[in-house]
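Both complexes shown next keep subunit A, but they swap its partner, so subunit B is in the first and subunit C is in the second.
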Partner chain A sequence: MDFTNHKMAPLFTINGRTVYMTQSIFGTWVVMGILIAFTIFVRIYMRRKHFQDVPKTGSLQNVLELAVESMHNMAASNAGKDLDWLGGYFFGVFAYILLCNYAPLLKLRPPTADIATTIPLALNTFLLIHVLGLVRRKGEYLKDFVKPVFLFLPIHIIGELARPLSLSFRLFGNILGGMIMMDLLYISLPIFLRIALPDAIHLYLDVFVGALQAFIFSVLSMTFIRERASLEEE
Partner chain B sequence: MYATVLLEALPGKILGFDQELVIEVGIQWINTIILIVIMSKFLYKPVKQFMSARSERISKQIRDAGEAEQLAKDMKEDYEGKLRDIERERGEILTVARKRATDKTEELLFQAREEADQFRARAQKDIELAEEKVKDEMKRQIIEISTLLAGRFATISLDRQTQDRLIDEAIADMGGVKWLR
Partner chain C sequence: MDSVLAMSALAAGIAVLTCAGAGIGQGYATGKATEAIARQPEARGSIMSTLLIGAAVAETTAIYGFIIAILLLFANPLIK
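For the complex of A and B:
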């Protein structure tokens, strides 16, 4: 039983130290390849005028429009109407996390079960919170750190630093936990029960939890951004 | 068991805060940004633009339809107004025409009555003249006959009976003598 993130092949060397392609980097590239290929396919599909004013139910256009509109509405309701343009960013984030979480269905180690994958996502959110807050609210943004009195500044700073940590570790922990539980289940089950029973567990731990974690990460990020950067009144 | 798994995994690494993690975070950060930019710019944005353009087009069509409906309503109202005007004018024209016709009829009737009266008066006058003429003629004939009778009385001696017969004959010769009554 091995849950480690294996090194698969050397990539490059920095200061005499070899950097390897790990399983999670490989998984990320596979996910990227799938998503980029899908994007190219959709662009070709659109360019050939397959998009219609009234899409057929269940068609690719229908599903895409549903996804895009849902993400736009989610951004508008969670991040604020003035920040609904973040829907594009979170569309990418959601699709990326979702496919990373579903990687076990392709017999890959989920990239999100590696903290090196979740930290950049959380750092993006952290940067968006503070850069947008500073650019959009200026002095008001800074005043939030000394509310109600100046003594609360360290607590606010710790609180802000905790956000990316909680975001990245929540996602990492949930996916790694699911992966470990699945493996333990396979080991602990008698052979004759390994045929159908794990499918139900896969459905919950990989499919349901995978979608739920992608959703939680996106919604929490939007909510954090709204708290610091939205100009909308509560 | 969970702790044992994690301990056993240390050589392969599940979680380790070292320089490798920093480099891997860097690599994954670049991967993440590339993917998100591609998906956002080349997938989300075009689909969103297509949807916005469609919404705008449909809104415009609804707006145009509303304007066309308003225009049609205005035109209908305008035509109905014109029709009402035409109806009113028709009524006025008919009233005037009827009045004129009535006046003309009355005038014609009056003229006809007048002409008839004149004609009747003239005919009456002609009748009277003709009567006068006939009377004069009768008088003249009576005088002639009387003269003739007187001449006969004077030349021939007559008995009473013959005298009466002659008078009767004279009267019968004169025809109806109603004008004398």
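For the complex of A and C:
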């Protein structure tokens, strides 16, 4: 049994150390390619001829507007009305994590089953929390760290550092666990049973858990940002 | 060396026992959410999303245990 991230081809060499294209880098490129191709297609398709002021029910424009608007509403209700512009960023994060989690459906290794994919995503959230907090609430933001007395400062700092850690490990652990369970199932089944039977488990471990984890990552990030950066009164 | 490997496998088994706590927590949260929906069916949407987030937070401890088990099995720091 081997669940490691295999090297596929050497990319380039720095200081005598070769950087390899691993399975998760390949998966990331495929996901990026799909997302970029789709955005370019939408950009060109929606330009003139197909744009409607009131889109027909079920047309592509209708579906896209529904997706953008629901993400905007999610940001407004979770991150606060004054931070609803974060919906654009979290739409990108959601789409990226969702497609990464769905990569096993294309027989790729899911890029989110690699800790190097999830930690940068969580660090983005960490930066957003603290930069937005410092810029928008200034003194109030710093005062939060010494509530109720100064002695609590180390506890607050550890709590803040634990957030990106738990965000990244949650996504990583869930997807890696799903991947290992699928691989074990494929190894243990005889070849003639590998056609239809694993699909039901794909439906749960990849489709359901993948969508749930993408949703939870974005919603939890927005909730954390609201706690530190929103000017809205509770 | 072999005994280290065997003990690591046992330790991995013990580490994933954290899933028991997460299971109890998620079950308790789901029961309470069901009660809340029964009392106030019109608040179903917000209760459901809160439940999903709470279940994911409760799951974190199980994920930590799982990652330790994975480390012990596939990237064991005790074996050079």
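Side notes on the structure shown:
The definition used in the following text is that the second predicted complex is superposed on the first by the 225 of 234 C-alpha atoms of A that agree within 3 Å, B and C clash if a C-alpha of one lies under 4 Å from a C-alpha of the other, contacts with A are read in each partner's own complex, and residues count from 1 in each chain.
In this section, contacts are C-beta pairs under 8 Å (C-beta built on N, C-alpha and C of every residue); 3 or more make two chains touch, one makes a residue touch a chain.
Because the structure is a prediction, the values reported are computed rather than measured.
In the overlay built on the shared chain, the residue A:His130 is in contact with neither subunit B nor subunit C. In the overlay built on the shared chain, the residue A:Leu176 is in contact with subunit B and with subunit C.
Residue contacts after overlaying the shared chain place A:Phe3 against subunit B and subunit C alike. Measured by the number of subunit A residues touched, the leading partner among subunit B and subunit C is B. Residue contacts after overlaying the shared chain place A:His202 against neither subunit B nor subunit C.
With both structures placed on the common chain, the touch criterion links A:Ile216 to subunit C but leaves subunit B unconnected. Looking at the shared chain after the overlay, A:Ser166 reaches subunit C, while subunit B stays out of its contact range. Shared contact residues on subunit A (touching subunit B in one structure, subunit C in the other): 3-4, 176, 180. Listed in rising order, the residues of subunit A touching subunit B in the complex are 1-6, 11, 14, 17, 19, 22, 24-25, 28-29, 31-32, 35-36, 38-40, 42-43, 46, 51, 53, 64-65, 68-69, 71-72, 87-89, 91-93, 95-96, 111, 114-117, 119-121, 123-124, 176, 180, 184. Across the interface of their complex, subunit A is touched by residues 49, 52-53, 56-57, 59-60, 63-64, 66-67, 70, 74 of subunit C.
Listing the residues of subunit B that touch subunit A in their complex gives 1-2, 5-6, 8-9, 11-15, 19-21, 23-25, 27-29, 31-48, 50-51, 54, 57-58. Here subunit A touches subunit C in the complex through residues 3-4, 166, 169-170, 172-174, 176-177, 180, 212-213, 215-216, 219-220, 223, going by the rule given at the top.
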